[in-house]
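Chains here go by letter, A, B, C, D, E, F, G and H, matching the order in which they are written, and residues are numbered from 1 within each.
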Amino acid sequence: MLKILLNNQTIQLPPGSTVSDALSIVGPSEGPFAVALNDEFLPKSRYKQQSLNDGDTLDLVAPVGGG
Amino acid sequence: MLKILLNNQTIQLPPGSTVSDALSIVGPSEGPFAVALNDEFLPKSRYKQQSLNDGDTLDLVAPVGGG
Amino acid sequence: MLKILLNNQTIQLPPGSTVSDALSIVGPSEGPFAVALNDEFLPKSRYKQQSLNDGDTLDLVAPVGGG
Amino acid sequence: MLKILLNNQTIQLPPGSTVSDALSIVGPSEGPFAVALNDEFLPKSRYKQQSLNDGDTLDLVAPVGGG
Amino acid sequence: MADLLTLYGEQFQSRFLLGTALYSSPAAMLESVATSACDIVTLGLRRQNPKDRDGQTLWNAIQSTGKRLLPNTAGCKSAKEAINLAEMSREIFSTDWIKLEVIGDDYNLQPCPFGLVEAAAELNLRGFKVLPYCTDDLVLCQRLLDAGCQVLMPWGSPIGTGLGLMNKYNLKTLRERLPQVPLIVDAGLGAPSQACEAMEMGFDAVLLNTAVAKAAQPAAMAQAFAAAINAGRAAYLAGLMVKRQTASPSTPTIGQPFWHQHPKGNS
Amino acid sequence: MADLLTLYGEQFQSRFLLGTALYSSPAAMLESVATSACDIVTLGLRRQNPKDRDGQTLWNAIQSTGKRLLPNTAGCKSAKEAINLAEMSREIFSTDWIKLEVIGDDYNLQPCPFGLVEAAAELNLRGFKVLPYCTDDLVLCQRLLDAGCQVLMPWGSPIGTGLGLMNKYNLKTLRERLPQVPLIVDAGLGAPSQACEAMEMGFDAVLLNTAVAKAAQPAAMAQAFAAAINAGRAAYLAGLMVKRQTASPSTPTIGQPFWHQHPKGNS
Amino acid sequence: MADLLTLYGEQFQSRFLLGTALYSSPAAMLESVATSACDIVTLGLRRQNPKDRDGQTLWNAIQSTGKRLLPNTAGCKSAKEAINLAEMSREIFSTDWIKLEVIGDDYNLQPCPFGLVEAAAELNLRGFKVLPYCTDDLVLCQRLLDAGCQVLMPWGSPIGTGLGLMNKYNLKTLRERLPQVPLIVDAGLGAPSQACEAMEMGFDAVLLNTAVAKAAQPAAMAQAFAAAINAGRAAYLAGLMVKRQTASPSTPTIGQPFWHQHPKGNS
Amino acid sequence: MADLLTLYGEQFQSRFLLGTALYSSPAAMLESVATSACDIVTLGLRRQNPKDRDGQTLWNAIQSTGKRLLPNTAGCKSAKEAINLAEMSREIFSTDWIKLEVIGDDYNLQPCPFGLVEAAAELNLRGFKVLPYCTDDLVLCQRLLDAGCQVLMPWGSPIGTGLGLMNKYNLKTLRERLPQVPLIVDAGLGAPSQACEAMEMGFDAVLLNTAVAKAAQPAAMAQAFAAAINAGRAAYLAGLMVKRQTASPSTPTIGQPFWHQHPKGNS
């Protein structure tokens, strides 16, 4: 199992998991959100290919009110 | 002849003249104006009775733009 | 007995009392103070002659710090 | 002859001239001044070795009042 | 429910009172009065030969607006002068409303506290509805109320300067201490933002002349003032935010990305 | 002929940009957006679980306004963070417009001059249309233009303070020295009069959030700001009167009654 | 040649008048009077039983300073009260100098223009040397001069606030219009910089109390005010530079190194 | 125990740094340096023919004061220029102290945040003791500290304007956030009261030139500034009173005469 930090919370995934796999745990793969892997923007088009390593951080962001 | 000061200009009138007489020289007796005799307001109703003395001052005022 | 108000406190005096008499109750007749009788300044020179009436007010003031 | 720009004025020097040579034309080699060659500070210790090339710029600065 | 201005028992839609002097032409004045959407215009009296057509033309123009007239006693230097000019105004304009001016100094053209109170007391006795142009002095204002005035018009700054609200401390004091009195800031305003701020402070209306008449485009400026005055009034009613000395984020900080709780984080 | 605001080649009726945070409810936000008549709203991105319905609700509400979206990079402390958040915004909102914020200090939340220029240069290279939230420093502003920005958003004062136009000297300098650049005063405005003044000074638009969201009645306040901004713009176009240090009468002095030229006169 | 302050024909070295109230102890007051180097101290009268030793102690302390006494009529609300208190002061202190206060409002403690003029006229008739604590109203000031006052003491701001020079426009007007009258700024000053500015504007002296008495270290603050007042006076006499809106280099630009006139140059 | 100014490990009695330019003559400069009682004077370098006696005369005059020299890099527009001029200064004046100026704009002569940090970092590496003339931007100031500067010199307002403390909010922020750093307000001060206020705010010293050199009487003005700076420092140490919005009597109200508790009383 590999441990990653998703929105500051640790989750465990099977080895070889991709970003898509991680996202399937927390929500739909479509919708108003975007992802950064290890603080770098990851386009939607790469969720399926991008494999995860132990210790990776994933940030999922969605719209909020802003000034 | 008696001399009066009408709007700061000296005019001469026959003895016994009234305010009405003075006004007849400079304009119509009706219209948007008012009169002060010796710095005191004189109502229109008194123009005919009010006789003038030598040295009197008459002020005729009319509307102007104002702030 | 006549009642007077001395510095907002009621005191009683025998009829015919003077300002001097009133002052002798509360303090020395000399010193850094001044007197108003019924809200009018009363010079020191008149303390002895000035008789008091019932209901009179006496103000005794002395120096305080001021701005 | 080589031409250099000394304090924005063109002067001519024999080929092989050094900064010392140039300075000897305009003033004493000692005193409250400093030199930049082609906009780079040149320490006093190098005036004698430093040869000049055609087109070089020499800035001689001295103290002035300042805020 | 309408938010109306009430002065001497009459109600007005507009909180903007406009002067009619200093325009390049009667037409320019009329256009500005129109775009200002004001309900009340000020005007004055001066010595003129009744045969003089210029005065008649302007007067006709002002009359044609149909606005309530507020004649002034501009330039009067004593209570006596102001009282007599007020009487002449009442006769000509058939109104007992009077903007009372008693000037105390030829250079700053400031209201004379002493002459004002004297004139106001007499005019109120004679049945006038007195709107005194006064300073921002609380004691003077209280005396004018004691003399029977039901509306006060404190200055922002000297007439024609455009310096705006010169003494905000005094103006705030007036507003706080006289909460029930209609207070109209009169004189010295030069820009719509200043008029807006006066209204935000809770003043009931604004009177001005020079800032419109001497704008490059008076009619457009009149409209700008009208909008700013309405905006300031609306802001006063809507309740301004409280000022803070230190910053406070608008966008929420919770959920800020890239801030990690393990050593790899960048902050 | 309309007086439109042009930003990155697009034209807008409104000169008021409104933030969508800090409201008591999505409904209150929607109402304020409506009354503001703004054409552009700002919004942000924060970590959220996509299953979280709250975020979805607000987002749906913002989307329903149909306004142009201007996502921000609020809270980012480095160019790198801001660049990545900008990329995420572009993907989510399908817009290359970005309000660039790089915060240089946790307490005053001020723009970081260094991070801003670095991020702006990179984002412009990547095809973004960058609207940087910056200080009033002319040199910084010039660098941001050099980095490709076509719009600048200098602060009035720190975010959320309501202190208004803190350094009018610097703001005037910006306006004078950058006459062709759209300049939007962003942050620190607390009252419509302040927004009005910014517009009178020639700024092209105003962006704010707290002063509306934290008003007692946000929707009414949004409308007040809109009116004040329009008033300030109109005043700028109409040409403000020139301020004077000394008084000048509005009502003409010629023909003043009661002033006599013979000894009997009272003056 | 000494630059002395002349009041009612007497000359003083110091331009700082200090109040004697609000100190934590008579010793603190004495120390502050000493470090202030003032020549004049103010004091008041209050109802006290002559046997009360506290009052006597303070009075002895004040007397021991040897300074000229300027008794006040603080707290009086009518001309009559002030006149009678002035008479009592004259008897006690054997001086016809009086700081005339007639308070017009219990909250802002402002001078009452009406009561002041009435009291000043009467006191001048009775041979007092009246120094009225007044507002910054030019007309009031002129009336006080007409009533016989030879010195005026306009306020900076309300007593005890420390808000400084609230209305610089009015204060400048007073100074310009009354160039021959000794003008002392009295009340509202909270910091030496404010006192310094008053002196730079040409005022003749400064009177204060709270800012010293309520400082953390009164004696040190008294000395600071004294120095600032002297500095402001010296600056007024030395002629301040003229303010400019645009920058101007101090270090000369001629001979700037590295600026070349041929293509190789970097600027 | 003396209250000394410590800069780069050296201690100074005076908190006034004075410039040596713009005087009508070397004698006027010398006299002002003397009356200022300053310990540090600034000066510059410009292209001059060493045979030019004028420069030599001024330099001799400055040297004769025996003051610590603080050469500047005035007029430099890039880090490179400033670094080279600093090196030339070090050689001539045998001091590694340098007032670092990198100008970012020809009109407002403001410090360039970018060039400053670059030059400061390099100069600190080369062993200079750098006193940067900077803006009031907290982030810039923090970067200059990070680059090794131990003293900062934020502007009050643009050089030579005399506009004083243009952005007090930013200056207060600097003081609060950098409590251990010697902060010298440099540039823009026009009057001693402004210098006094800077010191009251807790700034450690003041540097100026124009306000002295362009005064009608420079030497007297230098002395006035010196006194005002000392006064402001003393006031800072003595603890200023807290400002209040509402009045508070200085003379006690207890025992006020003429206020009676029975119906006969007048109040």
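Definition applied: contacts are C-beta pairs under 8 Å (C-beta built on N, C-alpha and C of every residue); 3 or more make two chains touch, one makes a residue touch a chain.
Predicted model, so just to flag it, every value in this text is computed and none were measured.
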Any chain that touches chain E and chain A: F
Chain centre separation (chain D, chain G; CA means) in Å: 61
Between chain B and chain G, centroid-to-centroid distance (C-alpha), Å: 53
Sequence positions of chain G contacting 2 or more other chains: 19, 21-22, 44-48, 72, 74, 80-81, 84-85, 88, 107-108, 110, 158-159, 163, 209-210, 249-252, 255, 257-258, 266
Multi-partner residues of chain B (at least 2 other chains): 7-8, 36, 39, 59, 61, 64-67
Each pair of chains that touches, named by its two labels: A-E, A-F, B-E, B-F, C-G, C-H, D-G, D-H, E-F, E-G, F-H, G-H
Touch list for chain G against partner chain H, complex: 19, 21-22, 44-48, 72, 74-78, 80-81, 84-85, 88, 107-110, 158-163, 190-194, 196-197, 200, 209-211, 213-218, 220-221, 223-228, 230-232, 234-235, 237-258, 266-267
Parts of chain C lying in touch with chain G, wherever the complex brings them together: 7-8, 23, 26-28, 31-36, 39-41, 43-44, 59-67
Contact set on chain H toward chain F in their complex: 104-105, 107-108, 110-114, 117, 135, 137-140, 142-143, 157-158, 163, 166-167, 169-170, 173, 177
Chain E-touching residues of chain A, taken from the complex the two chains share: 5, 7-8, 36, 38-39, 55, 57, 59, 61, 64-67
Chain D-facing residues of chain G, complex: 249-252, 255, 257-262, 264-266
